[in-house]
């Protein structure tokens, strides 16, 4: 068989597709990223904030999109669709149709003149029709690629050639191409990743919600847009009927989820409880009056993720009302208000008036995607999500095709990102022989040494068509620039970023022997990399460069004051020149990589991580504190899908033990760690030293045993009281004694969601219900009672809950104010608990009582986190670099986490996270060196007092005290260049390269020089 | 019957003697009688003989912590700034510390300026030190030839006059408003601890300034610093000002002009005070040594008050609580942030 | 140098904006064409945590009529916690400058995220108004250069 | 307050099982206790019950209470709860079964009587001849008093008529003139229709008593009549 | 009872050769076909009409189609602008409380308590006339109006249809 193709197709440009593409492109594969719409970003780009951190969605997403858009090894195919996939793993042929954009992306500068002049307004689908856009449009302000597109259905010209065509007339760069036609192409790839996402459920059919009948009943996605600063009401939160600010908002949960009657969606959409709380919290923040009353109507509150329960608690403290009730009827009231009629738990009908009702709609698969999957012969499950198995959570039914994100089950962003990396691990692992075979690499000429030269500054002033020139007198600015000290060349360009100007700029740098360059044009955030690359091509260091933002921050915002805008442009150029004068060439820092991984913990997470890396040819040292492999999973009977753990585990252990790339260090712990990404040195308890480039922490967690205290429930006192894992032991041993039981009871949330452990253990509801079903299998006549607080069978697990009810398992809800009472009556267990529906106390006599006890962090995680300089949550779980977008990375580069030490999770999620950690680790291990920040802090030891304030404010532990000299030193490999240390230092002993105090002051002083 | 201070002096001598004799310390830092009547000056005892010269009175106004890092370094073999210190245990220094000095030492420990292992702290609960300006005022501006201290009064003699004044009346402002007169850390204790004091209006002087209008405050500030001769005595006496190159002396970048222009003087005082933010323990040395009588303590006192209000922090009480500017809390006040103010206004 | 105070007087305000949020927010204001007074001169810094009191004082010393420091909202910092350290520094500085008689409104702080283009324009508008009301800066200004014009 | 204690040493839930036997897709156990039904039900609170509580009593085997409560006669089996219930549970259907479990003598008398009469012929119990007479009489009156309607028809037992009209017994019994508008409408539209002289009443309270055999019997009788007349369409007055 | 027959035929699988249809749908069909000509000009006072959606006919019987037919007929008869709809409506409308044998079963207080929501809902519309195309609904809503002091008139549809009939050329209408 030939070597596989070293490229991968990723279908879907949402967060999971983008993450998968970035992981692959950064670990040696060429990626084609296909996106149906005109810009990548997916559903996440439509969100206002994200839970539980309340991060601005666009803010955290944008850098990833920009990275994907610019990546040399990602071929972005927007407005494109997959038609067909042929072949198998390693060798696939994909047919793609690229629909016309009618705008030449090479030429479009996204100035927006076209849209301004376009006479055709249509509902903006990005705002779910709440606002309008033009027929030529940008999907959203931060769109990647930042290029306009023509909507062929709306465009007047395309429908009636000869009419309109204004856009073409006004486009300053001649980018409009009405003759654009669909193209078909065939790509050869080694593997495919489907990241097709979801669509929000359309509640139009649920007439009782009043949606579409009442303007002030909106879906949650519509509400996101109403909250978003870039949405139709620019973040002012106006209700649709009269643009007034709502003072009373109600959220209705489970609209289109957990409903087999009207919505035909038996699954739970997993994310709605959290996003509703988030919206309630954010709406309160948005509220100008400050007395917004938010009410959430729900059946089970599902805050099962990391930090979610605390978020829920906080929301309650902040006065968000949570009503355990479902509203049947939404009635119209005065002033377009709405009355919700609901029954409380006591069975009383209550009418309550609201100004706005938000339907927390679920997630479903787009019918077009369903069709595509059918065409591609990808197996779907009963809910039309892509079918996967618990032990290979990102593999589809078709070899070589992987899946990630909400297309395989409704899930939140971190889970999607995790799976994206896992899918990248799957695809990359399969193609590892072909790594770096199809990637491109940029070569640059050697750089001229400019140290001894006096500054020779070139200034390029861009007109940006008329974007700048129509407001700012660019000639005046150019002439002014020419006279500034150090400037030897100044020129005005129509489009400085156009390919010909770029080429000419490189020539000018060489010819004029420029050693500093200033471009006065748009924003460095999008264009700095392009110009910096030009400097490199012209043979000078890319850090000898500054930009003056005279478009986004000048001509566009001061259109009414052209003279003042011109003055400002001069100031900005002068500031940039002053700054660039002090710029010095900086090294392109790299850290050489020791191509070996250290994996700590040999449970399922650790073994999967280790194997995923070892099977790609990377040596792994797998350290386990016990003398035996398998960890927690040894005690675990089966997954909720009914797959027996033992079979999988034995197979996994065999593969680990027989893999020559894995060094097993059993009965061993970590003593000491030094170094940073690419070059860690770790000392093991057995005295061995391991040099490794990356580390994966997968040390697991423990099961809480309520031997005493309020959650004891006779545990350890009556032999028939077990924890979940103890009952699993009896299943594993085929304990005959279980068959004869007449009655069994489970108590949920034992030690979870309580003051001393205020988080949800995520797995116990599903695990307990599966066990109850297993007991029913053993004896269908057994009466089984589940005493729960909220059933949290998120996603497809909801089917299990339904099955349990179907089989007659009785669920009785309790809360912290009404705990079940358990006592021993002469060796027999008696439970009394109030059934809140009928308002009576129910007395049970179970012969078996199972406690769904918490998953708690291991006590020794703290020491490990200190060794690796990783943070921990208050609960004692390890804390990832970013809850949303970096779910398996630590803030410390080169260290990753997987499994229960991160947060309680079921085995399929553990495996996905372990694969994700391997993918992230492979991004480092696949390289000889990893790039490090060039703009880093630097200590002047002569000035340093050793007070260590710099080390304390550094979030990356990049500044440390040299024990010998007593002075601070910077590890440039770890420094991110934020400058927190510089600002904290009283002695001016630490500075940031090219962003030192002197340079910033030069810019400030230059700004004030003339006025 | 000897006075409290005399007893303290005696005990200091005794402890110093014992420490020096036993070679537990190489040097002992304390106070000795100065030449001017009533004046005390910092003094390093190197042997038992020197120890006899150690003394104590209500005139020990300079914070001894300032000399500690230098003394400790003097006991190390000479080395270049970035050269490592020698291996092995180094000689120790004994030092007398009142409440504020000891708190200062805590900050110094937190900032790696002194090694706790190398200092033997002799704690002296402070009864307050005399403000020489107040003293002088109390006798008009007449020349003082001798001062005799009693526990609660001072007998002042000059050419042709003799006056007994209440001791507390001439105690420095910082001592009068001090709430932690007891040493926070010490290895030996002289006298007995008096406990924290409750002074509800301890920031009264700051509050009085705060109550002024903006222009009045500006005028006060300008007037206060107008007499500054940029001698930097305040900086030099401050144990927290230990930078090898002070920002005022820096030329790249030049934060502050070298001239006597009022703007530069203002910037000097602003930055000096700000550099002490969250660190200053209000020992009052700066004010005590200012030849021009500038009340620069008010600047640092303001920052001290704000640190307490904003971050619930007082420096020097516990080496394990990080200094306020080296840490943060997610719930730190931000009512001064424009976008937050606007949000508040709308509500 | 005497600065003319009057209707047409445009204050000059130095704005230190963090690269990841507020600078991006300023860009978005441009993309969305929100108009604001041409008073600010933006200095791009990596993080609001990079801005020391000294830099703010330097801006005043250089003659800036106002200063704005803007960073990511708490929790959004690209560098995890830079803005939180900055928040402490600024809280003390702001109170201290007021204490010595610098007019409230000369030195301003804000949080503006990358998606808050309109908010950025509003912040500039507001800061400009505040400064305009105060008139040209005179305190802590070092008269070094004489304006040629 | 000490709450009543329900001892569940074993749940028998006979009533539930009986219903499940009769209605295989009753889905009682599917209940999420979400309360959507109760929220949408006008009978919520009546007799201290609501659809959710009612289902819960069944699930917990509180059979005595279930069989005793008159709530089952306040529930109109309107199925508004089922309409929105996420599990599609048909409380109306369950109520129907439970009504049937009541001994006939424990049921509301008038309701049972209406059904019993229906089994004879019609729910009011008037003789079929009276119905025929009333129709003829009213028709005659209209023809005489309203000249423009002198050709109005009200056929009975007309074989081969295209439409069969089934008359609610209320009109012939209580307000006979209320039959006329419909006759006129059908007449104007040129509809070829007929009444029957047997099983002519469509009120049929046997739907509500809970005995399927009674219900079936009455409908079967009606169907036989219509087919015997050979009508293409069967309409009633609703 | 429409549903008794409809569901009876379905549930007990009673063999039959006819098609069981609703008279409401028949009215609508005849009007649409032009076989029944109606004119709303009689309604000079602008009497406002609303209607009840009988559960057995609409939600359980023929669904929203027949409810829309009902509205079509009322609008044709009383004038488009004179119809005020209720909320909830169609298949989601409230039961009047008279069905299910409630009128015969006795429990009058319960029945009226049940009907309270219906009464409020109908009052809310401000209609002068409530069309009740079901005998149970008719009786119950009549009673509710009386008991709670409603201001509307409760009637069958046929009375108004008769009133609006255009009669002159009725004899010339063709056969179906």
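Which chain is which? They are A, B, C, D and E, in the order written, and residues in each are numbered from 1.
Please note the rule applied: a contact is a pair of C-beta atoms (placed from the backbone, for glycine too) under 8 Å apart; a residue touches a chain by one contact, two chains touch by 3 or more.
Given the structure is predicted, the values throughout are model-derived calculations rather than measurements.
Any chain bridging subunit A and subunit B, meaning touching each of them, is among C; the list is complete. Grouping of the remaining chains in the absence of subunit A, by touch: B, C | D, E.
Ranked by how close its C-alpha mean sits to the mean of all protein C-alpha atoms, the top chain is A.
Of all chains, the one whose mean C-alpha position sits at the greatest distance from that of subunit E is B. Chain centres here are Cα averages; for subunit C and subunit D they lie 77 Å apart.
Between the CA-based centres of subunit B and subunit C the separation comes to 35 Å, rounded to the whole angstrom. The distance from the centre of subunit D to the centre of subunit E, each centre being the mean of the chain's C-alpha atoms, comes to 17 Å. Computed centre separation for the pair subunit A/subunit C is 32 angstrom, with centres defined by C-alpha atoms. Across the assembly, subunit D contributes 45, 80, 83-84 as residues in contact with two or more other chains. In subunit A, the positions touching at least two other chains are 208, 329, 953, 984, 997, 1001.
Each of the following residues of subunit B touches two or more other chains: 247, 253, 325.
Here the touching chains pair up as A-B, A-C, A-D, A-E, B-C, D-E. Within the complex, the subunit C residues that touch subunit A are 3, 10, 12, 14, 19-21, 23-24, 26-38, 41-47, 49-52, 54-55, 58-59, 62-64, 72-73, 75-76, 78-82, 85-86, 89, 113-119, 121, 145, 147-149.
Only residues 81-85, 111-113, 242-245, 247, 250, 252-253, 275, 322-323, 325-327, 343, 346-347 of subunit B touch subunit A when the two sit together in their complex.
Residue ranges on subunit A touching subunit C, taken from their complex, read 53-60, 62-63, 112, 141-142, 228-230, 234-235, 523-525, 549, 551-554, 556-561, 564-565, 567-568, 571-572, 575, 891, 935, 953, 955-956, 976-980, 982-984, 992, 995, 997, 1000-1001, 1003-1005, 1007-1011. For subunit A in complex with subunit E, the residues that touch the partner chain are 207-208, 210, 213, 329, 331-332. Across the complex, subunit A is touched by residues 87-88, 90-92 of subunit E.
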